[in-house]
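After this come two complexes, each holding subunit A, first together with subunit B and then together with subunit C.
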Partner chain A sequence: MYELYAQTFVNGINVGALYGLAAVGLSLTFGVMKILNIAHGEFLMVGGFFAYWLFTLLGLDPFLSLPLIALALFLLGAIFYKLVFASVARFHEEVKVKNSLLVGFGLFLVFPQIARGLWTADERAITPAYSGTSFPIFGVRVAYVPLAGLIVTVVVILALHFFLTRTYFGKSVRGTSENWKAAKLMGINVDRTYMITFGLGTALAGLAGVLVALAQSVTPDVGMEWTIKALIVVVLAGIGSIGGAFFAGLILGIVEAVGAIFMGPYSVALGLVIFLLILMFRPQGLFGKG
Partner chain B sequence: MARGQDASGWRFWMLEVNKIDVFHGGLQALWEVSLNVDEGEIVSLIGANGAGKSTIVETIASLLAPTSGDIRFEGVRLDREPAHKVVTLGVCLIPEERGLFPGMSVLENLELGAFTPASRKVREISFKLVYELFPVLEARKNQISGTLSGGEQQMVAIARALMSKPKLLMCDEPSQGLAPIIVKNIFEVIKRINESGVGILLVEQNVRAALGLAKRAYVIENGRVTAQGESKRLLADERVREAYLGTG
Partner chain C sequence: MIHWKKGALSAGIVLILVLIPLFVQRSDIITYLFLTLLYIILAQSWNILGGFTGQQNLGHAAFFGVGALTARYIWLHYGFPLPLAILGGGLATAAFALIIGFPAFRLRGVYFIIGTLVMAEILRMVFDNVFPRADVMPMKLLATYNLAPRYYVGLLFAVLSVVAVYWVNRSRIGLGMMSIREDEDAAEATGVNTLKYKLLAFAISTFMAGLAGGVFAYYTAATKVGDLFAPVWTFDAVIIVFVGGVGTIVGPIVGAVFFVLLKQLLSLYLPGGMHVLVFGVLFIVVVLYLPGGLIGLMAKLRKKPA
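Up next, the complex of A and B:
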């Protein structure tokens, strides 16, 4: 019995790290720009397919492709910000959230179609030689790929935290999120800050996509599922809480995995139950400021 | 020489606001407002709540755009520059309700004050200056600014603006919501800042205090400049006394 629970717990952490990484980008853009990017999971899907391409066409190891994917998705995000989100960002907050939802849904309709054209509707996974290998520890098997994924997630989130709290530009991003008008008055180019923040968000989605394609698989339709996971995690963590998103991701992963022992496939609904409970009883999230 | 000169020898004010019209959505907020501020001068905008005083300074800061008229600072058209560029030219607005970054520390607020490249280079010197002006901020530099008292928050707002090395500092209602004794301190600090050579454009509802501090003032009513001149003269003006000082 111990083995089952311990193994399930470890599996939950593995999946939860992916949830955390997928959520951090969404939390960043929503926290800073008050734009809810429903297409966040679509950028994750694109990141996964790009890495799949690099792996099958060029034989590039997925972990080596991470920086390339981050850069590509940053540029893609910045371009999409300029094309469709910039006009939305000018509105005041309430209109902004509504219109960004519409724009995001539009992209959600378009991206899977394009992906089907480029990569067909088949399920794709990145399978390097070491995938599926694992080592035993305390009676639990730990697979190398998810462990490396967990390490990547922790490093990325720490790097993001460092960027936001220690660098001048990162501080200007936080300032913009707290009071964009005052940020302008201090000489911060708010529009450019928004573009870079949005690009960072999609870059983070792309990184998560690589790990998803590696640990699980991607299809053109996987985007919305990940957007919803990320949204649950963001609400659970509290908006704008970067470190909180990581821990909330772990919580969701573990709850789903352990729940599966009792509920089977229905454990997926647990995330939505958490979502509702948090909104009802602690709307600021577990790690958000009251 | 108090005023600058352009190539053709035409003398100009440091700040020239020339017949600006400004709209909020479909509603006109300002009608042909003109005003000037000279280098090192304290000028005050007085008038009732909603008269358009804040709209004027926000338009100078380029948060709003005039539909006609122009704004020049040292000869440069401010109304053609985005807000974040206006700061680099030396015009800084302390907005109504202070506009702090409430979740960030005092130190981080001040650091963002020195965001423009030129001010960032000299920020160590600026830190010394503002800590000299407000010793309490040095003691509280690691405190989250939203948890400070109202007076201390206003000090952060002023200090942060000074970090940008302005030539013209616009203060929108610095006395708002503060106890009289603290207002007195804030006004003294503004005077000291002015004595160091910074021009001040002060928006105030506290007319008596504003006219006591400023040499000149503009009276704003319903989006128009209805009176202007030396503060002493305005203080003696029957109409001003009746409308704003409650002593007919």
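Up next, the complex of A and C:
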């Protein structure tokens, strides 16, 4: 019995780290720009497929392809920001949120179709030689791939944290998120900050996509599912809380995994229950201020 | 004078629609007309909340699904008469919506949108698990399956939905809803009970979405229950409303006709599913550059020459 729970707990942490990484990018763009990008999961999907391409066509190891994917998705995000989100960003806050949701919704229709054209509707997974191998510890089997994924997630989130708190550009991002008008008066290029922040968000989604393609699989329609998970995690953590998103992701992963022991396939509904409870009793989230 | 003309025009269109099945025997044409009518109900239902009240619901499929599932179950498996079953589906949907709406509306703006989106996806996953097999009509019904009664049920509810939106638009309730859309704080400050009007709009909107579900449940011979909750029902409704003209009465009608026509046209020339791509791009363009939709565009073009 102990082993079942311990193993489930470990599996929950593995999945939860993915949820956390998927949510961090969404939280960043929403916190800084007040743009809620429903197409976040689509960028995740694209990242997964890019890594799949690099792996099958060039034989590039998925962990080595991470920086390339981050760069590619950063550029893709910046392009999409300029194409569609830049004209939304000029509205005042309430209109901005609603219009960005609608635009993201449109992208969510467009992306899977393009992906289907490029990669067909088949389920794709990245399977290097070491996938599926694991080592035992305290009666629990820990697989190498999710463990490496967890390490990558922690490193990326720490790097993002230091980037935002210790660098000059990070300061301008935080300043813009607090008050973009004041930031503009201080000589910060708000439009460029927005573009880079959006690119960072999609780059994070792309990194999560690589890990998803490694640990699970990607299909052209996987985007919405991950957007939903990321949204639940972001609300659970409190909107804009980046470190919180990681821990909230772990919580959701563990709750779902352990819940599956008791509820079977219905454990997906747990996310909704958590979501509604948080909205009712703690709308600022677990780690939010106020 | 203009009022009288509009009334006569609407009555004329309805009369033509009533007569069509008597003269047209081609089942594909009747099917497209039925789908247009179904989309009018669905789009108008979204329009009441999203267009007039300004609360975008990105989980409309959930309400369509609840209505369709309830109506189909009590009709096929519990032997309710059809009108009662469709009505029951609508009522069950509105009741469900009020349970969800109460916590969701205590918070403003974006939370409602995220909440509905998350709820619809999770309901779809749950129902996919509960009913993994397709729900097929009994053989006895399939043997006598006829499109014409489906068409008339669709027509009846489409007309009712347009009348309902027309009535809402001209009533005090409609004023309350639109005041929330324009400025929720100002509405509250001037004594509008915003929560009441939001819940009312949500109840009417989801009741109609449930009716649309019931009409579809009556129409479709076989369906996977999970597909009734598929996000495509939300997209179609939202796209139709925005392309037609959000927050107008005629917009969703024009949008639905345009949507069904363009979808058929595109499916002739493009590989399967690619019409979604075109609609996605069109939708983004409308949201960014043409907030009035086709109705707004027509009004602009009419003004220019004068």
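Here is the rule we use: the second predicted complex is superposed on the first by the 290 of 290 C-alpha atoms of A that agree within 3 Å, B and C clash if a C-alpha of one lies under 4 Å from a C-alpha of the other, contacts with A are read in each partner's own complex, and residues count from 1 in each chain.
The rule we apply is simple: a contact is a pair of C-beta atoms (placed from the backbone, for glycine too) under 8 Å apart; a residue touches a chain by one contact, two chains touch by 3 or more.
Remember, it's a predicted structure, so these values are computed and weren't measured experimentally.
**Q** Could you tell me if A:Lys171 is touching subunit B, subunit C, both of them or neither one (first, second, both, neither)?
**A** first
**Q** Quick one: classify A:Ala51 as touching subunit B (first), subunit C (second), both or neither.
**A** Neither partner.
**Q** Quick one: is A:Phe275 in contact with subunit B, with subunit C, with both, or with neither? Answer first, second, both or neither.
**A** second
**Q** Going by the contact rule set out at the top, does A:Ile228 touch subunit B (first), subunit C (second), both, or neither?
**A** second
**Q** Thinking of the overlay built on chain A, is A:Gly187 touched by subunit B (first), by subunit C (second), by both, or by neither?
**A** first
**Q** Just checking: does A:Ser87 make contact with subunit B only, subunit C only, both, or neither of them? Give me first, second, both or neither.
**A** A:Ser87 contacts subunit C only, not subunit B.
**Q** Is A:Leu76 touching anything from subunit B or subunit C once the two structures are fitted on A? First, second, both or neither.
**A** neither
**Q** By the touch definition at the top of the document, which applies to A:Asn179: first (subunit B), second (subunit C), both, or neither?
**A** Touch status of A:Asn179: first partner only.
**Q** Which chain, subunit B or subunit C, ends up touching more residues of subunit A in the combined arrangement?
**A** Comparing touch counts on subunit A for subunit B and subunit C gives C.
**Q** So, A:Asn99: does it touch subunit B (first), subunit C (second), both, or neither?
**A** Touch partner of A:Asn99: subunit C, not subunit B.
**Q** Both subunit B and subunit C contact which residues of subunit A?
**A** Subunit A residues touching both partners: none found.
**Q** So in the complex, the part of subunit A that touches subunit C is made up of which residues?
**A** So the residues of subunit A in touch with subunit C come to 36, 38, 84, 87-88, 94, 97-99, 101-103, 105-110, 112-114, 116-117, 224-225, 228, 231-232, 235, 265-266, 268-269, 271-272, 275-276, 279-280, 283.
**Q** For subunit C, which residues count as touching subunit A in their complex?
**A** 56, 58, 103-104, 106-107, 109-111, 113-115, 117-119, 121-122, 125-126, 129, 231, 235, 238, 242, 273-274, 276-277, 279-281, 283-284, 287-288
**Q** Of all residues in subunit B, which touch subunit A in the complex?
**A** 61, 63, 82-85, 87-88, 92-93, 95, 99-104, 108, 111-113, 115-116, 119-120, 160, 164
**Q** Give the list of subunit A residues in touch with subunit B in this complex.
**A** Those in contact with subunit B are residues 168, 171-172, 174-175, 178-179, 181-190, 289.
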